[in-house]
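One chain, chain A, appears in both complexes that follow, with chain B as partner in the first and chain C in the second.
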Partner chain A sequence: MSVAARRHPALTIGKYAALAFYLAFALFPLYWLLKIAITPDALIYSEGTRLFPSAVSFDNFRTVVFQTDFLAYFGNSLTVSLATAAITTLIAAAAGYAFSRFDFMGKRIIIALMLITQMFPLLMIIAPIYRIVGQLGLLNSLTSLIIVYTAFNIPFATFLMQSFFDGIPKDLEEAAMMDGCSRFQALRKVVFPLTLPGLGATLGFVFTAAWSELLFALMLISKNDAMTFPVGLLTFVSKFSVDWGQMMAAGVLALIPSCLFFIFIQRYLVQGLTSGAVKG
Partner chain B sequence: MARIELRDVVKRYGAVEVLRDINLDITDGEFIVLVGPSGCGKSTLLRMIAGLEPITAGDFLIDGARMNDLRPRDRDIAMVFQSYALYPHMDVARNMGFSMEIRKDPTEERKNKVAQAAATLGLSALTDRLPKALSGGQRQRVAMGRAIIRDPRAFLFDEPLSNLDAALRVEMRLEIARLHQKLGATMIYVTHDQVEALTLADRIVVLNGGDIQQVGGPLDLYERPANKFVAQFIGSPTMNVVPVSGTEAGVTIANGKTIALPHLPDTQQAVEMGIRPEHLDVVDPGAGDLNAVADVVEHLGSDTNIYVKVDGVGPLMVRKHGNIPAKSGDRLGLRVRSEKVHIFAPDGTALRRAA
Partner chain C sequence: MGHTFDGRIRQVESQPVTAKTNKNVMPGDTRARRSLYLQYLVEPFYYLSPAIILIGAVMMVPLIIGISYSFQSIELLNPFKNGWVGFENYGKLWGDRKFWIALENTFFWTFWSITFQFFLGLGLAMLLNTNFYGKKLFQALVFLPWAVPTFLSALTWAWLFNPVIGPLPHWLAALGILSEPYNILGDPDLAMWGPITANIWFGVPFFAITLLAALQSIPSELYEAAEIDGATPWQTFTKITLPFLAPMIAITVMLRTIWIANFADLIFVMTGGGPANSTQILSTYIFTTAFRKLDFGYASTIAVALLVILLIYAVILLWLRKKLVKI
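Moving on, here comes the complex of A and B:
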């Protein structure tokens, strides 16, 4: 008999009530996003805070997709986020492996420096970054965003990857080397397959961070054709009005890649976040 | 198969010397056990032989060829790890055949060898399982299978049984002994368990604090330990050691009793006497060399362990074969079998018996 079955029924109900409350609390903003997106423009203000709109319309989505630059923003965001996630994960995996397996001069200093970069607010370095990027002639280019996002995500991603590598016993690599592998072969045949959850988690983390970043995108990009999606969202705010319906519709669409991405890596992510919890 | 030689091998981590001037000749087909307390350097020595740890100074030779700077893969040595180190994402067959996969041996040959090794180790029914679906003993077998398949020049074992429960440990110990008989390969085995050492080894190397204390056959170490450390490390239960003062004819125990030791010269230097628990005889009170009170009595069925407090000397342990009807609080006499006594000089070395 399982522990749960022996519990008092009231406790079980309480547990599910708490979960339901949390779920509602966490998902309500998303629900509201969707609700406004499908409410016809005419009803947005007149129906106020009604939970369900009296009429449903997909006009907002149609307008956003066909009559605004949303698809271009979307494509830009996808490029930037995928490139950032791929480059960051590659570099972080290499650095994390080195931190986990090798002892080298200056290791502690590099780790300390990487930690320090995570300690102060990004606002402080906006001006210098802007100047650097400007002098490199990279303003209004997606490349500048990829470089900046990669630089900012590498420290955390490296620590994440390092902890995944730490979770893979050194014995396995040594056994592979005794079995005739070079270090690189051991890495490729034994360590890499075991690190897939870690790579998935890191990819997902960096992708989401880059996907939703606003501050640097806003500062480094002013031309419409290089705007990423968070900046593009702001174009729905005009001087005299906010196009709530279209903005929310764009928001809903922007959630899709993140959702897809997480569905795709979910399997690895769950494994990844729990691996190391038990010795196996 | 291989002859392995270590010449003045030293291991240092920075300023810390972990192993000092290790000299060891291992003949072809010999089963050598490195034994010692934790931190004595035995695993480090094994890893140096494997090539997983650089050798600071000295030479390591296999069949006369210097191996110091060769990578592990070029040494042709197989190793069984304490943690088994099975590849979690590969099934049993692939785990066992991994070395052949890396060497790019023909698939057919690999399959045959894996099947053969699996049959030898009783793993035939499990070859398509992942390591996580195996019990500890089965994992251990797969790890051994992985080593056997390679047909290496030498096998290294790093405490391979310490993660198993007691019953399984005995079983696997037998299996390793059989494996050695069957393959006749050179094997080096690290353990902190002296029972494993005594049962498996052709020769035992006792290490302590980075030095070799003694090298010898199991009975050599039991009967003629070179010093107090070996005397107390080898043999279970541990040898009793009591302070004595040396005289011309023998040694005098703190209770005033002198034990004549005609087979030992130079007993004047003696400061301590060692006597194994099984070499003390229980006699009537007052009749033996020592008078004692039984403190705790353990009946093991085959043996009886009696922890005694000896008047004027202190606590000792006595082990007798069979069931002795003693109980806590009983007064006993103990007779020391003088021919089994070990005498130690102030520096801990044992006095040599006269030939």
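Moving on, here comes the complex of A and C:
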């Protein structure tokens, strides 16, 4: 490709045009979100559709942070997502290790079951889960969300962790075990430090997934003080549908944690996601 | 030669390890070291049990309960009607016009979403497989939509289509696609294209990431050989790139199709299935029936129908693959 592009100047121009198109398509909606959020309220109706605002104000952010419940929603979402990410990564690392290092009876069945969970419509279990959670008295509690999200994310996280373990030579642990370590010690002292990047990537993926989950949160949470960010924002939108600036300011805030994690996991995307995605 | 020699060394080296740790029991030894053999069978499950228990309790059991719901009447708003009803829900489903509309919409939504996602993703992957200045930053920025929470993508695109604060209706009117700048999300004929656009935006990075990894695994010698033999870029693409990508494309498209058919968030947030059910797909129909009407029996019936459709799709695809591989 690159050689061909060097030969034909028209191809080079076409390539840069395509790059520009992809960049604009990816970033324009996010730019617009930010633009409306920093446009002063008074100007939204007169220049809502102009490309650049003529004045900039951060009033919307101030209002959202100090006068609405979004900070509480933000805290709830952070609790749920962090707890889900931590627990899922721990469980998935153990399961991924078993898949990577052992050949045992029932392995194929368990892998098949995990693949099935990635295929069937998750909405199929929304009604049973609502009733079970209700009978346990856990409606409107963040605990129920953490348990449900953890289970949802384990299969993908397991396949992801397995691919990271597969990349670590078995000889390293065997050498450690020959020197008298138990398997668990070998795992802790030799394998664990080597999988840190993999653990980080898995944490990031699960965090992002939990942060953006909407439908189960809508179903299981109806009380204002237990709402996660998506539920809170959606409730806000349906109640005050003309406070454009404030809604978009809240949207920009919701974007921050995902973007931070994204920058962090970006490096592992091409290797990590694909090896997990092919199997999962 | 070197390879077999290497392998023999490794074999010799690994033997003392297994002997010393006693983790690897040869077939036939089981009698003498029964407890070790048992331990070998059981040990993986120490690591697996938390995952298995959670998946079983939170996904598998509710899945079976969910299927049983489809044979019951469970309306939280009407508790006196609860009980087993046999196939009554399925009969109702067969005569439900909304279900057939939603089924048709599901095909439309899935087909156009996946088509655009795939071709734009393939283009992006091929661009990223070349060299240019600032590639790392470019890659990070074009993959960004994938990290945006889905509810936020949905809201952002809904706002972009709003003529008061969004530019899109004005651009579409200027291009002559719309007669005047109005919100296409309120127009039954065009509304589906709103969520589809948002879905394309959100899904292109995923295809690009997967295909890029596949592209990078193609040996570069093949391209060099083609270059020496004087192949045109188009020939290189159809004779080397596509055949190498084909297995990856097949599996990604199949998994993605199922995922998109199940994907309700974008439509639910952007249009709620309206106007006049013109954007209602099966998964949003399941969710609105369960969430707004609290009619769990009927929601589960629709869900079982969706599951059966997806199963048929998967079986056809696997059968096709088997046929094509034989040739």
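Throughout what follows, the second predicted complex is superposed on the first by the 233 of 280 C-alpha atoms of A that agree within 3 Å, B and C clash if a C-alpha of one lies under 4 Å from a C-alpha of the other, contacts with A are read in each partner's own complex, and residues count from 1 in each chain.
The criterion applied here is as follows: a residue touches a chain if its C-beta (ideal position, glycine included) is under 8 Å from a C-beta of that chain, and two chains touch if they have at least 3 such contacts.
Values in this document were obtained by computation on a predicted structure and should not be read as measured data.
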| item | value |
| --- | --- |
| Broader residue contact with chain A after superposition on the shared chain, chain B or chain C | C |
| Chain B versus chain C as contact partner of A:177, first or second or both or neither | both |
| Chain B versus chain C as contact partner of A:13, first or second or both or neither | neither |
| Touched partner set for A:193, first chain B, second chain C, both or neither | first |
| Touching partner for A:185 - first (chain B), second (chain C), both, neither | first |
| First (chain B), second (chain C), both or neither touched by A:56 | neither |
| Touching partner for A:237 - first (chain B), second (chain C), both, neither | second |
| Chain B versus chain C as contact partner of A:126, first or second or both or neither | second |
| Chain B versus chain C as contact partner of A:33, first or second or both or neither | second |
| Chain B versus chain C as contact partner of A:91, first or second or both or neither | second |
| Chain A residues contacted in one complex by chain B, in the other by chain C | 174, 177-178 |
| Interface residues, chain A side, partner chain B - complex | 169, 171-172, 174-182, 185, 189-190, 193-194, 280 |
| Interface residues, chain C side, partner chain A - complex | 14, 16-17, 20-21, 23, 40-41, 43-45, 47-48, 50-52, 54-55, 57-63, 65-66, 69, 74, 120, 123-124, 126-127, 129-132, 138-153, 155-157, 159-160, 163-167, 170, 201, 204-206, 209-210, 212-214, 216, 227, 233, 248, 251-252, 255, 258, 262, 264-265, 268-269, 283, 286-287, 290-291, 296, 299-300, 303-304, 306-307, 310, 314 |
| Chain C-facing residues of chain A, complex | 1-5, 15-16, 18-19, 22-23, 25-27, 29-30, 32-33, 36, 44-45, 48-49, 51, 91-92, 94-95, 97-98, 102, 104-105, 107, 110, 113-114, 117-132, 147-148, 150-152, 154-155, 158, 174, 177-178, 183, 208, 211-212, 214-215, 218-219, 230, 233-234, 237, 244, 247-248, 251, 254-255, 258-259, 261-263, 266, 269-271, 273-274, 277-278 |
| Chain A contact footprint on chain B (complex, rising order) | 50-52, 71-73, 77-79, 81-83, 85-89, 98-99, 102-103, 132, 146, 150 |
